[in-house]
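Take this structure first; my questions come after.
Chains: A, B and C, in written order; residue numbering restarts at 1 for each.
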Amino acid sequence: MMVFGIDPIVLIASLMAASTPILLAAIGELVVEKTGVLNLGVEGMMITGAVCGFIVTMETGSPGAGFVAAAVGSALLSLIFAVLTQVFLANQVATGLALTLFGLGLSALMGQSYVGLKSPSFPAVNFGPLADIPVVGPILFNHDPMVYVALFTVVGVWAVLRYSRLGLILRAVGENHDAAHALGYKVVRIRILAIMFGGACAGMGGAYLSLVRVHQWVEGMTAGAGWIALAIVVFASWRAGRVLLGAYLFGGVTLLQLNLQAAGSNFPVQYLSMSPYLITILVLVLMSAGRRRNALHAPGSLGRVFHASS
Amino acid sequence: MSELLRIENLTKAYPGVVANSDVSFTIGAGEVHALLGENGAGKSTLVKMIYGLVKPDAGAMTLMGQPFTPTKPSDARAAGVAMVFQHFSLFDALSVAENVALGMENPPSTRHLAQQIREVSQTYGLPLDPDRQVGDLSAGERQRVEIIRCLLQDPKLLIMDEPTSVLTPQEVDILFETLRKLQAEGTSILYISHKLDEIRALCQAATVLRLGKVVGRCDPTEKSASELAEMMIGSNLHRPSRPAQEVGPVALEVKNLSLPSLSAFGTPLKDISMTVHKGQIFGIGGVAGNGQDELLAALSGEMQAPRGAITLHGDAIGHLGPTERRKRSVMAAPEERMGHAAVPAMSLTENAALTGMQPKDLATRGMIDWGKARDFAAEIIARFDVRTPGTQTAASALSGGNLQKFVIGREVMQNPEVLIVNQPTWGVDAHAAATIRQALMDLASAGTAVIVISQDLDELMEVSDVFAALNEGRLSAARPAAGLSIEEIGLMMGGAHDLEVAHVAG
Amino acid sequence: MIRLERRAVPAAKLSYVTPVIAVVLTMVFGGALFAALGKDPIAAIRTIFYEPLFGEFSFYYRPQLLVKATPLLLIALGLAMGFRAGIWNIGAEGQYIVGAICGAAVALAFYPLDSRIVFVLAVLAGMVGGALWAMIPAFLKLRFGTNEILVSLMLVYVAENLLAAMALGPLKNPEGLGFPGSRNLTQYEAANSWIAQDLGLHWGGVAAAVAVVVIFVLMGWHVLGFQIRVSGESPRAARFAGVRPQVLVVFCMAASGMLAGVAGYFEVSGPSGQISIDFNSGYGFTAIIVAFLGRLHPIGILLASFLMALTYIGGEIAQNQLGLPAAAIQAFQGMLLFFILGLDVFTNYRLKLIQRGVA
């Protein structure tokens, strides 16, 4: 069955893959923001993850090792943000921007001698006969491991935030850091760990771009994906389930736009390339319009500087 | 009575201030012990040390014969010390049960915890629904969350920091019943307050702090309120007063004013009407969170109202913003000094210009005359005895009392027709408070219509000509302040919220 | 153990010293970075900071400093006003591009009319274009409460695509043999913004000098500047004092967009010469660093823009002479911003040594 020359089963399957980078970055940022920290450096962490993952994969030949390296590399990068904002009490907006600028420069520097190389393929998980089930098989059981890692992370974050004591503490720190401190919770420590978790997720998301989507390293290849991930967290009004929805929506738009480009319509390519960004703006407008209701879900201490005076 | 907690020579210094110096006292088992002192006497630092939030520089504590050195609140909780904070340590967006769980070391499962909360709240006459969101609760109910959180851990010592400042008189009675029941079960209570009548009614022993030092110990039941006050303040306080006078014509009138709340968990104003005359002080009481911030914002112009809802000498001003209202000499001083009434990081000169810009003609064609602003700031400092090195000092460097004198003085010096103040003496030492109250009275004597919104009933009774109370965003009918009984005031404030069916069991 | 303790009064003098310390720290850590890349750190730092000013070819590099500093200064001055008020226009790069496109489009529409009116109209078009592009996030913020950071940033990517579309489409040089890119505006005398190319001076430099003075007076003495400062420090106090936040959002966004837009036109009709697919070179983002390095103060920004221009020029020399990769300079600049932000804490807090284990 084909619709407009596109097979819907292939479309859904590739949608899941196309959404994975922003899904990972957004779910990481969701945890960070839940603890009351606004890290605008997602773009910088993603691109650093992209280059770290690519380098290690090329050196070891193992994409799995690449993803681990991406997570570690970006978590270390995010530690700079964590120390500056949590220990040195720097402005979170400015520091996040600095992280992005620094990450873009650092990644270009690290990746110089890897430009133009092609990374090995990352085979799909072998589910045996499950992959042969019609419709469901190609959609659910024919992906590389990272697609499942991303989905598992979303479910994990959702369950932890909703049901566990750890999740309760994370939410409490984000809601009112002074009260959390008064009850004896280590606000700074909890936040630093959350920021590093967000860094690791963003790094894996970036590595998915270089190792799976493009199979090569290109300077500035994230092209705003990190910022879209930030927008998705707002779109999702800080709820894990809706991050998934948001990521699929944007993955779908990107895919559609690429398919239209490939189909060679007469419309100039540049106008199609704008569409994911314009749609991000549109979605932000739609979400913010109902902001009174929405504001209830935003963590109470988001972006505020915490200093224990006593 | 056996000894529960012994405190010996506790000392704690911060840059520029010694918060506690050589503080020693003991609390007996099953005793309600008062810690008495005015704002800035060092009470909060002391209890933070007992609760493990602050580490003392020197001194020792002994709890039930064992050395007690809590380095974090969970140590204190594990040792049987629980605390109800003055500024609640609660999370608005979380449920009652979640808030309680966060204050426990090993909370049971959610369902089990909800059951426990219901049981304890029944036993102690503190009704509370574990599933409600804390942000939607009244101040009194929020305090119950804190108390229940403590009670679930069977504390040996319960610390209560100014617990009645958020309660109506009826709610205070119920709290005291709960505390007496706890005492009867053998729990010791460290009760921090500067309200002398409460201490005389509840406590068996008192330690008085002044400027970080213990200046007296007594059995409060044997002392009069004025004797206690003198121990606390160290001298006889000038009581503000003013000559009786005829009320003038109507200055400000509010008619059927309804406005949405400022924030997600704020209180909307509902159908507020009031009439304030020239030369009159209109006192507005009420427990925190009943629409005080919203009312001040509506009167100052920060929130705009329907045109005719507010009139000044008969002219509609409801739709005007703060600048336009100040041009008409309607001035205001909000509750929060830092970041609302004043900009902490800016100098006193700049803070003087903050509201004095138009009335004092500090700017011509948009260009500010900083020399003139500095003169204005210097005048305020001189007339209100603001202790500061100079006009270039940042507002954040001033003590609460001095900054409040500056903030009130700034409005008073602009000769307002109408002045609205919210919590004018909150967190201010007794001498500064007396200065501020006297300034408000002098202003009224000179013909200004003054609206004082306050949660301190003693203050309102001292300054007001008429009294009304805010309750859940509604304003009661105004009544002459003279001759109002505390019960009548309590009922105007809404009595005991949601406690009609409550009773103390057993 | 060391901990931070809030100062009763912010240490104003320290804010003059911290940028210098940040530069020194960046040299040290940047040198380490260069050493890690196998370059001689001393030589690299010397090449970046000394060569352009006093080296053998400094007669060539000094004018280049002015060329690079001009757009950075214009953009950073506008951004700093917004940052002071807590309004985060992060999309100056997009406003710079759109300003360039609008200015160039107006200039090219008059081609080959020989009148300086064309230049005036083109400059105005650049201002209006940049300002309108910045008004999109401002309008959406005021009308719907959307976050201006994300919207202004998304619009950078939109503007980049628009630029490419323009260079390949409507603004393509009809005599350009099919190559992408517009006519060269420096060869169109009526639209040319150079005053003295050998000094690196074009009309943008003049505009920037005027802007420094105007903004210095505005922030220090004008009511609007006072309101901007109050809003940034305490938004609630600002509303209490009668400041209307909407007015400030519109003013700061429009002013920063206008300055970025006009910088774009001066660049396209001067140093760059034509609209090309990748005409923009990240000035809009580097200007954010400049704004913070200059402590959001116009005079500080003036100095910071030249310092940042120095790292650009020095970086290019190091690229040619030492083979230092271009990206190293970008990382170097990011590092500088980290140090600036990190050191900021000491204006409001002091370090205190506390002994452990005292009960």
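Basically, a contact is a pair of C-beta atoms (placed from the backbone, for glycine too) under 8 Å apart; a residue touches a chain by one contact, two chains touch by 3 or more.
Treat the numbers as computed from the prediction; the structure is a model and nothing was measured.
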{"item": "Chain separated most widely from subunit A, comparing mean CA positions", "value": "B"}
{"item": "A-B or B-C, whichever has more C-beta pairs in contact", "value": "B-C"}
{"item": "Gap in Å, rounded to a whole number, between the CA centres of subunit C and subunit A", "value": "28"}
{"item": "Whole-Å separation of chain centres (CA-atom averages), subunit A against subunit B", "value": "45"}
{"item": "Averaged-CA centre spacing for the pair subunit C and subunit B, given as whole angstrom", "value": "47"}
{"item": "Multi-chain contact sites of subunit B, meaning residues that touch two or more partners", "value": "none"}
{"item": "Contact footprint of subunit B on subunit C as seen in their complex", "value": "5, 8-10, 221-224, 226, 229-230, 233-234, 236-237, 239-242, 244, 352, 358-359"}
{"item": "Residue ranges of subunit B touching subunit A (in the complex, touch as defined)", "value": "45, 48, 52-54, 72-74, 77, 85, 88-94, 98, 101-103, 107, 264"}
{"item": "Touching residues (chain side subunit A, partner subunit C) in the complex", "value": "40, 80, 83-84, 88-91, 93-95, 97-99, 101-109, 112, 219, 223-224, 227, 230-231, 234, 268, 270-271, 273-274, 277-278, 280-281, 284-285, 288-289, 291, 307, 309"}
{"item": "Interfacial residue positions of subunit A with respect to subunit B in the complex", "value": "165, 168-169, 171-172, 175-176, 178-180, 182-185, 292, 295-297, 299-300, 310"}
{"item": "Footprint of subunit A on subunit C - complex, ascending", "value": "4, 6, 37, 83, 88, 90, 140, 144-147, 149-151, 153-158, 161-162, 164-165, 168-169, 285, 288-289, 292, 325-335, 337-338, 341-345, 348-349"}
